[in-house]
Amino acid sequence: MNLEETARKIRTMEIRGAGRIARAAANALYVHSMEEKTTDLVHYRKKMNEAADLLVSTRPTAVSLPNAVNLVMRPLKNESDFLSARQNLEKRALAFMKRSEEAVSRIGTIGARHIRDGDVVLTHCNSEAALACILMAHRQGMDIEVYATEVRPRNQGHITAKTLSDAGIKTNFIVDSAARYFMKEVDLCITGADAITVNGSVVNKIGTSQIALAAHEARVNFLVAAETYKFAPWTILGQRILIEERSSDEVIPAEMKNALPNVTVRNPTFDITPADYVDLIITEAGVYPPEMAYTVIKEQLHWDNEDMTSDLPYCEEE
Amino acid sequence: MNLEETARKIRTMEIRGAGRIARAAANALYVHSMEEKTTDLVHYRKKMNEAADLLVSTRPTAVSLPNAVNLVMRPLKNESDFLSARQNLEKRALAFMKRSEEAVSRIGTIGARHIRDGDVVLTHCNSEAALACILMAHRQGMDIEVYATEVRPRNQGHITAKTLSDAGIKTNFIVDSAARYFMKEVDLCITGADAITVNGSVVNKIGTSQIALAAHEARVNFLVAAETYKFAPWTILGQRILIEERSSDEVIPAEMKNALPNVTVRNPTFDITPADYVDLIITEAGVYPPEMAYTVIKEQLHWDNEDMTSDLPYCEEE
Amino acid sequence: MNLEETARKIRTMEIRGAGRIARAAANALYVHSMEEKTTDLVHYRKKMNEAADLLVSTRPTAVSLPNAVNLVMRPLKNESDFLSARQNLEKRALAFMKRSEEAVSRIGTIGARHIRDGDVVLTHCNSEAALACILMAHRQGMDIEVYATEVRPRNQGHITAKTLSDAGIKTNFIVDSAARYFMKEVDLCITGADAITVNGSVVNKIGTSQIALAAHEARVNFLVAAETYKFAPWTILGQRILIEERSSDEVIPAEMKNALPNVTVRNPTFDITPADYVDLIITEAGVYPPEMAYTVIKEQLHWDNEDMTSDLPYCEEE
Amino acid sequence: MNLEETARKIRTMEIRGAGRIARAAANALYVHSMEEKTTDLVHYRKKMNEAADLLVSTRPTAVSLPNAVNLVMRPLKNESDFLSARQNLEKRALAFMKRSEEAVSRIGTIGARHIRDGDVVLTHCNSEAALACILMAHRQGMDIEVYATEVRPRNQGHITAKTLSDAGIKTNFIVDSAARYFMKEVDLCITGADAITVNGSVVNKIGTSQIALAAHEARVNFLVAAETYKFAPWTILGQRILIEERSSDEVIPAEMKNALPNVTVRNPTFDITPADYVDLIITEAGVYPPEMAYTVIKEQLHWDNEDMTSDLPYCEEE
Amino acid sequence: MNLEETARKIRTMEIRGAGRIARAAANALYVHSMEEKTTDLVHYRKKMNEAADLLVSTRPTAVSLPNAVNLVMRPLKNESDFLSARQNLEKRALAFMKRSEEAVSRIGTIGARHIRDGDVVLTHCNSEAALACILMAHRQGMDIEVYATEVRPRNQGHITAKTLSDAGIKTNFIVDSAARYFMKEVDLCITGADAITVNGSVVNKIGTSQIALAAHEARVNFLVAAETYKFAPWTILGQRILIEERSSDEVIPAEMKNALPNVTVRNPTFDITPADYVDLIITEAGVYPPEMAYTVIKEQLHWDNEDMTSDLPYCEEE
Amino acid sequence: MNLEETARKIRTMEIRGAGRIARAAANALYVHSMEEKTTDLVHYRKKMNEAADLLVSTRPTAVSLPNAVNLVMRPLKNESDFLSARQNLEKRALAFMKRSEEAVSRIGTIGARHIRDGDVVLTHCNSEAALACILMAHRQGMDIEVYATEVRPRNQGHITAKTLSDAGIKTNFIVDSAARYFMKEVDLCITGADAITVNGSVVNKIGTSQIALAAHEARVNFLVAAETYKFAPWTILGQRILIEERSSDEVIPAEMKNALPNVTVRNPTFDITPADYVDLIITEAGVYPPEMAYTVIKEQLHWDNEDMTSDLPYCEEE
């Protein structure tokens, strides 16, 4: 799939999900580089930068997209020789795709070590990484039980329940409002993340922070399972994560809405869970407390001093 | 409407809502007493006790029902003379119905004094008493704005939004999960109550305790508007309020449920908000902190020493 | 001093302080009753009611004033005979004045029992009742040390420091901002109160709630010393205590203010300490937890059922 | 057993335990009154007052003792006729003994209603009232499991474990330090009380407050089971409960102690659990939140206005 | 300005403010190096070390001073060649001065990204870095409003209010005690810092920790704006920051003080805000959570392993 | 002492204590390498790996053991030349032993800087590192006082009390349950650690977390003194620290236990204190907040990227 097609599909959401978007972008850069005829570094750099800008512009609020592009594009900054620049870029693109593909399974392996036989686990929304931990624990023979929330307004909990039921895991399905009611029976919460900021705040599906608060109140551990490219490097420079509000149709049928002239539907996609309520973040590179986000960004996303003094290049601010 | 018909309608939920049930029971006792031909106190007492038992048995978990019956039946305990027993009982039945009818409006008047011009108020579920406070504040000319939750699984928030919109009040409609997200913009929470225990715990629609927790975290006052007959006297004797779980169909369509063999839908109607998260309870008799529930029960529900040493007469336990 | 003169002096703040205002009002009613020539109950009641209204109108936000008037005027409601109404009213006026005069000393006696030899006590503002506890403990031979705050903007801490120094008590004088810094060395906080609401919130000099919060954070007991007429009965009916804002001149000289065109001085006199941060309230009638405010109002201010269903007669609302 | 013998046995601790002491004192007053030959009220009052003073002086820090004496002696204050004073006193003595004897079983009945089938209950020390709740729940067929602490330094937990084991209840025996470790597996804590103050603080065996804190941290309900005569009325007047320190021999053998010249053994018997960490107090008269202690004192210990203005008659202060 | 003059001016506080002191010290070392005639490394090192010691001794508690000296002096440790040692030292001195001068503006750029249009910001004391964020947000066209405290005892709030008013920013001026009262209307707190320890504690103007506590209580974000040289590296070795107490004259006029023989004025300059109450620290190098202080010290102050095993060379301990 | 003997003595607990075990293992590897006759790298590596595996297998739950072995064995991974591999390994073994021996004294020096003259310090269990801080402060002439707990069930507090008494330090000896009771008189808590996880949780003697909770409640700083080899690197990969349960005989005599058929003794050795309750960790390399554990592991235990992608090689999981 070439650059333009990839860009289009990300923009139209044919390609969705942090991992798939990131890998598609890396692949598009790889293909674009392969197809590039020039042998001149300046020209090559210009062409690749245009490609990078195009890709990043398609979903300015997705954290994984600029992270992927940034990781792949890094050789262009430092290399002074066309050939090694190109080879290096292509090598990094392939490496990124490979690691991304393996990340969820690696997270499952590490995360399952935090589940004990007999545990009751609560999860919210439909996170591949969070489910990987639960499924791995189940596959290892642990007798576990899950509470899965409905996840209004888009009901992603239905998919979660399906996955768990199909895997043969005893699952309790509850409305989002019932999380605190059942929290006393829960041993562990695990959710995914859409983005993680430099001070360890976790941006995730609306409702997550409420559940984390209720877990904290009941001394229940709250774990986040997230690939390292969910960490948002530009938050080091003060960038704030945009919380998108989606259509009111997701919440209330249009015809009903029309009968409510004084009513505005507020439909934020995400909320922000402060680091205080998060015990651990499980990544494919290991387990970190949320306060270590800066270190993850430096070590895993290869954020360097030059980045530190730059502006916010790829990301639009709220 | 005579006794049997009333009992039937309460049982089949044709008569619903704490206030309507309570008034219907009081009225049934009134009518039953009027129709009673005897002039013998012993016989009269026996007949009325049977009626009381019948009524209470129809909805053993509704707090307002035994409270109403208890308040009306009290003269039978102490009176030694048929005529005054009967007159007193009938007088009390009428008084109860009148007070109950006026209670919501009185709560509105008192509660509106806790709302200030410009306030943003969050409410959950569809409480007549909570809405009375908001509507009264609006009627008094205050410029207020409301956040109303969806209230899964039965979507009572749609009714709340309709009431507010029709009254011309600027309303934001949100999913239950978004309460903490918007809490920083809220000045005051007001909800109703289904029951209040002797230590000030508030039993109310599932999700209430989660919102109260989020309000507490953000130093937002949390008020409960409730008629005095929502206080549960038998909790003094250790009774625990039964949290009913309703059909899974409310949460998930049966056909979808059937495809999820390992999934159980847990659908509790209420949850319990501890007194620590409740700033005030607004009743038709005035404002109380939740810790004062015992005093409300004694003064307003005329709970006496004889009651204190009794067993749990009318109420089934969890 | 007759009625008009008393009213004038309260209005012009020649008579100040919750206790002095209350006693002056009781005395004015007493004198007015003595001087009344009529022997007709209806006429007498009318005249006394006018006097009461006049007095209460002079300082609508002072809680002790309507409390005193209400306590004295109570016989007029129930008595059907002129002579006993008048005698009763005059007796109550004298009794109120006597109790009020003795209240502070009684509070000192009770409160000193909560101080131990060697204790370090922090106080804020200049409360006669709070100081009575400290002075009594000192007089009983305890070796105590006090932290007294400056109390901006009117520097009432200077008076407190003078009183303590004159009594020979080792005193540390600190700016208001230093309360948390020294809290780890404090064993006990004692302040006064301007008003106490039905849910145990303590209205007191600005800065009190901040100190109570810091005490709570460090597990330091926080006691409030207050005469029973500081409890605000009409808060039962939803009344909110008005927090007056005073002149900017108290905070910043007018000439400096004039050079700051975009600056508004906000100068609230009081703040509100929630019951959660108050361990005990010491009154002349004994020690109560703040949640018991309703009971104090009923037992000590003789608030009755008729009051419960009334409106807010004497008090202006915020 | 006559007065002097009773007094001696209480003093020498032959008679121990709040309930037994209280009943012995009531009985001693009863016997003393029966044996009194006079028919003169003044003389009778004098003799009985001397007896009361003698009894109370034997254990000045036991709360149940002055409570029992006070309840029995009350008629002497108000009665103006010898015969009815005496009859009334004797009647009250008998009534007190009967109620005290039934209190524990009544507490068991009420408290068991707060235990659910399958619950894991933690208890500390060896409280008859707390165990009554657990044993009653077990007797009613509930499948419960208990965590019992060792209770250093006197190892009262050994007796608790014996009682539970003999009753056939699955029990886990742990050192006091392990309470927080196992708290996540606990559904409910129940302890007894040695005294309860007017603001709901619970004085109980050293270690109780630490467990209550750990329960609070984990959202585990903490219940106190206590006869009404454990409430300390004179705390209304500012009395503080004396926390006795016992011999170092209980903690460390004398010979070891001698080898530690710079070591002082501090061995307080009780600690104080603040009302904030107590969800409910279960008495024989019903369930109360701790903030209601004043009301319990008034209603159950018949504390009256005269008491309110008195000094601390029977109790020594700390 | 030569070394001795610089040293004198820092000692006499002619040169004040963390930034100005640091730059003056760097400049003095630069000038001193330029003026040094020797070409012998040993001699040069000796002379420069003496200069460094002199400078650091002038204000042993100012964190920026040893940080600046340390950063400039570092080449002397590692270089083995006179010329490169000297060149490197001078280059670092110039670089430090440049970065320090730009730091505040960079902090303003980054910090302004955390302010949103319509925000109400509270600040305490008069921090150039904190104000830079507010002023930048205003300059970018955001409609913001500020609460500025008085800052007893030296009233630095007057300067802050002047700066804000002159910039055309709507400002509310309040006494320090009113911070909690207005906290519910505040969206964000930003203050500066005098020093930041390795565990993220923020040493700042007395009163800061009280405000941070009140912000935490109300879920209001609390940001600290501080140049990286405010981080205190020797706290890694256990150094504690000295909290200076200043003259009583700042708090109370000497003549008034004289009339208070038993009163001591305690006038600490700073207090310590624990990391728990700080959401973010904004530096010229980016945004960090307070727990990352060690990393800032290592990366920005070039603290190395040799430092780790050293003693506390330049700094006097408390 | 050769390899087999060392392995045996660690297994049989003749060699105990984190430091002694670690040094013995390093020494055994050193001796084993010295005795190895081969000059072939492949063979040498194989032999040393077998030795390492043997050593680690002796006490799979001791954190210091694999840390020591890992630090010593590291050269074998990277070196390609036999001689430098062997020299490097032996050099590292000696360096590890030296550093380990000096670690406690270095911790004492750093930790004493956090104690102030006049401080009251509470410690739990018998930690050499924690005591080093206290003893050093005492040696420096500070007038300090210590609270030492009994430490059931093995009474390690007796040893602590002996050490302190012998050093001439005023010590209070208390049962574990009394920690919260005396916490208000404590200025600082210092304990040791058995292991520290990547998110800063401190595994230490049962009861530690309860004391840390009580310290947190009273705003008392809680410090942990621990050598860097107490940090558990494999927790980065999700490893959980095994909490061993020891024999019931430690808690209750066997004959008593036999009389309690329904009683199980639960005797966990350690509990887990969350990072939230720990202010600082004092290591021989400096002071860190607990959230920095990952950095300590990387910098001090030389954990590298290869480790990050490995499995859990030496450690058994819970």
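Worth a mention:
When the chains are written out, they are named A, B, C, D, E and F in that same order, and each has its own residue count from 1.
As a working rule, contacts are C-beta pairs under 8 Å (C-beta built on N, C-alpha and C of every residue); 3 or more make two chains touch, one makes a residue touch a chain.
Since this is a predicted model, take the numbers as computed values, not measurements.
The interface formed by D-F recurs in C-E: of the pairs listed in B-E, B-D or C-E, only this one shares over half of its residue-numbered contact pairs with it. The pair with more inter-chain C-beta contacts, choosing from E-F and A-B, is A-B.
Averaged C-alpha coordinates put the centre of chain D at 57 Å from the centre of chain E.
The mean-CA centres of chain A and chain E are about 37 angstrom from one another, to the nearest whole unit. Taken residue by residue, chain F touches two or more other chains at 217, 276, 291, 295, whereas all remaining positions touch fewer. Across the interface of their complex, chain E is touched by residues 198-200, 235-240, 274-276, 291, 293-295, 308-309, 317-318 of chain A.
Within the complex, the chain A residues that touch chain B are 147-148, 150-153, 158, 161-162, 164-165, 168-182, 205-207, 209-210, 213-214, 217, 243, 248, 251-252, 256, 259-268, 271. Against chain E, the residues of chain B that register as touching in their complex are 183-184, 187, 217-219. The part of chain B that touches chain C in the complex is made up of residues 109-114, 116, 276, 279-280, 282, 285-289, 291-292, 295.
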